[in-house]
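The same chain A turns up in both complexes below, where it pairs with chain B and then with chain C.
Showing the complex of A and B:
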């Protein structure tokens, strides 16, 4: 049987020692999970190694840790795959999730971060009026749609890797906003506008996400939190016309128009466009404010005045036009949802989709 | 010292439902769990929840299916209550926000399930338990002013006054190691099953029979403990669950010769016969050499439309991929029967009251008994919710009619701390590791107390369990710390599992017939004359437990021959 080295980040708060790495050898088949490896260590070598775990089958959300630097569930990560991806001479590096304080070894304080943020989005249904005598009659598609958010197991992997949260710890974050979509997308909820208004106006709300895709990569259940955040934005801005004080919606619209006009993002125009154009009273202070950034960019040669002002237009502009026409020509907005569209990485399905 | 009208131990579906019901009834409530509530094992109930909600369906039909499924060991008064109240409970949950599947008209849609004469299983894809659990937790967050949550607190013992009333519990805060005595007018045990006494099992690592053993240790009798459900479709290698929903959607079972063998065991219901029937059929096929080399049989889900699988069985697509390396939409997956559920538990009446005043139980740790000898698929979620609610309501009623028990709990708290200290002080020279004893227990139970049983095997099994109980007293732990000392908790859990295992074996030895999940190769017939009764197992100091009987409550269904 193959042997694997588990390099575990230890932190024993009572010992007085600083966090440190400890290597453990385990013999197990390669298709066994990292969790099984850790449990073997706990059972046979050192019972003090701390990790939350319960179901072993990726449904309870207890055992999210960072393996070789990436957040994942220890229970559905195979030892052989983890060892292949090792950046540390074959050792499987296991450490606690990020963005949350560590309590002991691989156990983090989810109450202090994750659950506090969940509670921030008023995470219960707020129906209008008394319930009907029987069930609420709602479209099948809506229920399947929000099932993607309901599939969240609250493991915290997305929170661990959220870049926005690293910069702004107050950011409501991917898991809680995916939870918010579960209500905004639920036709039975009576407070869609209030919820969206709240999340759009909050400086740490839906417009605080920088689309880094980390949460989509991190999620073991295909919840795609960032996609849910983008949908919250579209519904807030386009459907409810919420013009937020963070200028988030106007920025989104300016971005799209900028690309439609130029074929390629013209960054020098983006900021003024977001505030209503170069000469708009709102834009002037913003432009003045951003001058130091511009100067720094110029000095470090990140941009040249020529490139910034004479924006090169994209050559195959027609192709881009067709894209815009296709997307905007649709009667209904198309939302991607795994439960509706099938498997994300199925080439056969993708091919079928591509056929007219 | 914290005190509450109603203290609930366990925060799965039964516990959370009880908490909400008790709070609605005006009681002050605490809910305590050794894990965060959404980690509870209710998550694993994938397929759905039964209710006769369609106008064409009737609760009587649901009740009869349940009675027949139980092999007539279920108490019919309790089954009637569960089935009559089911539709209203489903609607209540729907109103709270559960994202139940809809049909094309936007109304609640159903799927077929085993042992049922109508498609009456309501579901959320194949994450029904998870969806219910998370929606109830949404409500708990909403109820934060009336329900105190003690998350990651491990209950070590139930407390009793000198008159025998249960008046609280001692628990350890896992995060800092502090123990605390909780005073309560009523305590509801809702801490789940004991599947970890078996290896393999579909059950989560937390299912160690804590509440069953705690109640047993203060004198509550356990009932139907011999009835252990083996689920027909668990992965060959590791025992992970493939939901019955797969067969409900049309998947079929084949042996290695390609025969759809259920045709000869249950010609009418085929794969959707009761679980005990299908598991026995599978085990027979395997024992007679018609299984694959890996010891399994084939479950063919490719017969179900691919789009439907991706929409409604998405979770098992993941399980197949991650834990068996199989794309279930393209090839059959190998399965075998695996330990899944215990029908037995703490004996209760239909309001959740145990034989100990002030102590209630609901969910898998309880035995009302609605499942009797064999639980129907999608009846467990229903059981947790109906009897969780009833226990919560009744406990609140009791609490509101009495004053908070006084009496000094400090001495008990000191005893408990001394016990925990003594476990941590055990010497490595004197004993085995907890994990070694646990593995031996699991393998022994799975060998002798499984689908087919006989007197010799059960007697051997009992001997092993007795020995392991002694060894468990000396099992040592590495961790001497206070913060998240999971090692210490593991040693306590081992003791709980051993108590549960002994009760199961003693019950199985006692029942000299075959009924439901108990199949005795030495007594292959059902014997209604002698054994149409519940077996109760009660603690008897450190000796072998005592056995007594309770008659089965009959209302309208006389026992008949059971075929599917």
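Showing the complex of A and C:
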């Protein structure tokens, strides 16, 4: 039977000792899970190793840890695959999740971070008006859509590796915002506007996400939290016209209008426009703050005064405005949600297209 | 090889040295650049945030323009373009109905996108099309003892599946391998795959600059001479904003950040001035010795 080395990060905060690494050898078939490896260590070598687990079938969400630096469920990660991806001489490196305080070894305090944030988004249905006589009827497509967020098992893997939360611990974060979409996308909920307004106005809300995609890769259930955050922004800004005090929606619209005008991004306009225009009271302190950056750019010939004032590509993009008007002029936005539709392309059609 | 070349916006805007360096490096690698000068911004994920159809239409338009050239494939020099375009392409290629709808938007200009454009970032093209052995054979001035930290950023490495990263194409290791092929030393540091913070610079400036400042500081602590990035937007936060990032994290950093074509150009024997290295806020010229081999200051 093959032997695997588990390199486990040990830490007991109240001991006063610094965290340290400890190697354990386990003999198990490669298709057995990292969790089984840890439990074998616990059962046969050192009962004090701390790990939280329950179902062992990737549904309870208890055993998320970092394996070789990436957040994963220990119960659905094969030992052989983990060893293949080792960056440490074949040793499987197991650490607690990030962004949450460690209680003991691989156990983090989910209450202190994850559950607080979930509570923050009012994670229950707030229907309006009298309930229907019988059941609520929800269109199939809406229901399939929100099942993506409902698939969350609250394991915290996305929270662990959220790069915004790393620098701003108050960020509501991927799991809770995906949960927020579950209600914003549910036609039975009557508080969509209020929910969105709240999440857009919060300085650590939907506009605090940096588009890093870590949560999409981290999620073992395909929830794609970042995609849900982008949909919250789209619905808040474009459907409900919520102008937040974080300049989130203004920045998006400044960007879109910038491209409609210029074809290529004209950075010199984007910054003031994101704050409401060069002469807006909100823009002035920001622009003053950015002045040294602009001066440095000019000094290093990154930007010439001419380029800052005139966009060199403007004339090449006359046709674009018509295209923008056509798409933006639709009564309803057209969106392809691959979670609902899947990759449905007809191979014969694709083949036909490939012919010149 | 001939490629339909998409430089993106920022390489012709606030990081003009990137576009310039690519133009200088291309002939040394026998790459003929057919520049897509009518193509528009990829949307950087921001337009999709407002209206997905609009972003998909803009990128379908760029792909259609690329397909009109006789380039073997399409090449970009911006990670953010790569990521945003891959996202749109995923939707466009998934459904012929949707593609027909989007092509309807392009009809006025006589353009049409046919499924399956191949769009590769320069880093991917170097490893997968040109090959590292070939690249190695063209090195004139090896980056001897230059300690380079790869800064991948986000858009070119995540989501893994959409970007075609697997054991056959370990694209999340390409910068490492390119640095080695050029004779440099790879520095491992905590920030290599993290976010530079640029996307939230107007919404949460402090968090944004803290991200840039931390990754730069990690690179300093790991003893890197410079960083290299395939993303001009990362470059804006890491270089142009570095003095502000220093203020936020409360330490001096002084870490030069090179664009990928600049690093290539140095090793291929080009003059640092030609590559626009003097145009950076943190001038690499002050820490690197440009003799026959490119040597980091500490080692020089």
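Basically, the second predicted complex is superposed on the first by the 268 of 356 C-alpha atoms of A that agree within 3 Å, B and C clash if a C-alpha of one lies under 4 Å from a C-alpha of the other, contacts with A are read in each partner's own complex, and residues count from 1 in each chain.
FYI, a contact is a pair of C-beta atoms (placed from the backbone, for glycine too) under 8 Å apart; a residue touches a chain by one contact, two chains touch by 3 or more.
All figures in this text were calculated on a predicted structure; none of them were measured in a lab.
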| item | value |
| --- | --- |
| Chain B versus chain C as contact partner of A:140, first or second or both or neither | first |
| Contacts of A:131 with chain B and chain C, given as first, second, both or neither | first |
| Touching partner for A:59 - first (chain B), second (chain C), both, neither | first |
| Touched chain A residues, chain B compared with chain C | C |
| Touched partner set for A:253, first chain B, second chain C, both or neither | second |
| First, second, both or neither for A:153, with chain B first and chain C second | first |
| Contacts of A:112 with chain B and chain C, given as first, second, both or neither | neither |
| Chain B/chain C common contact set on chain A | 338, 342-343 |
| Contact set on chain C toward chain A in their complex | 9-10, 12-17, 37-38, 40-41, 43-54, 56-58, 61, 83, 90-91, 93-96, 98, 101, 105-106, 108-109, 114-116, 154-155, 158-160, 194-195, 197, 199-200, 202-204, 206-208, 210-211, 214, 240-241, 243-244, 278-281 |
| Residues of chain B touching chain A in the complex | 35-36, 38-41, 43-44, 91, 94-97, 99-109, 124-125, 127, 130-131, 134-135, 138-139, 141-142, 151, 175, 204-206, 238, 240-241, 306-307, 310-311, 314-315, 317-319, 322-323, 325, 433-436, 477-479, 481-487, 490 |
| Interface residues, chain A side, partner chain C - complex | 163-164, 166-168, 171, 203-204, 207-214, 216-217, 230, 233-234, 237-238, 246-248, 251-253, 255-256, 259, 263-267, 271, 274-275, 286, 292-293, 296-297, 300-303, 307, 312-313, 316-317, 319-320, 322-324, 326-328, 330, 333-336, 338, 341-346, 349-350, 353-354 |
| Touching residues (chain side chain A, partner chain B) in the complex | 12-14, 31, 42-44, 46-48, 50, 52-62, 76, 103-105, 107, 110-111, 118-119, 123-125, 127, 131, 134-140, 143-144, 146-147, 150-154, 182-183, 186, 188-189, 338-340, 342-343 |
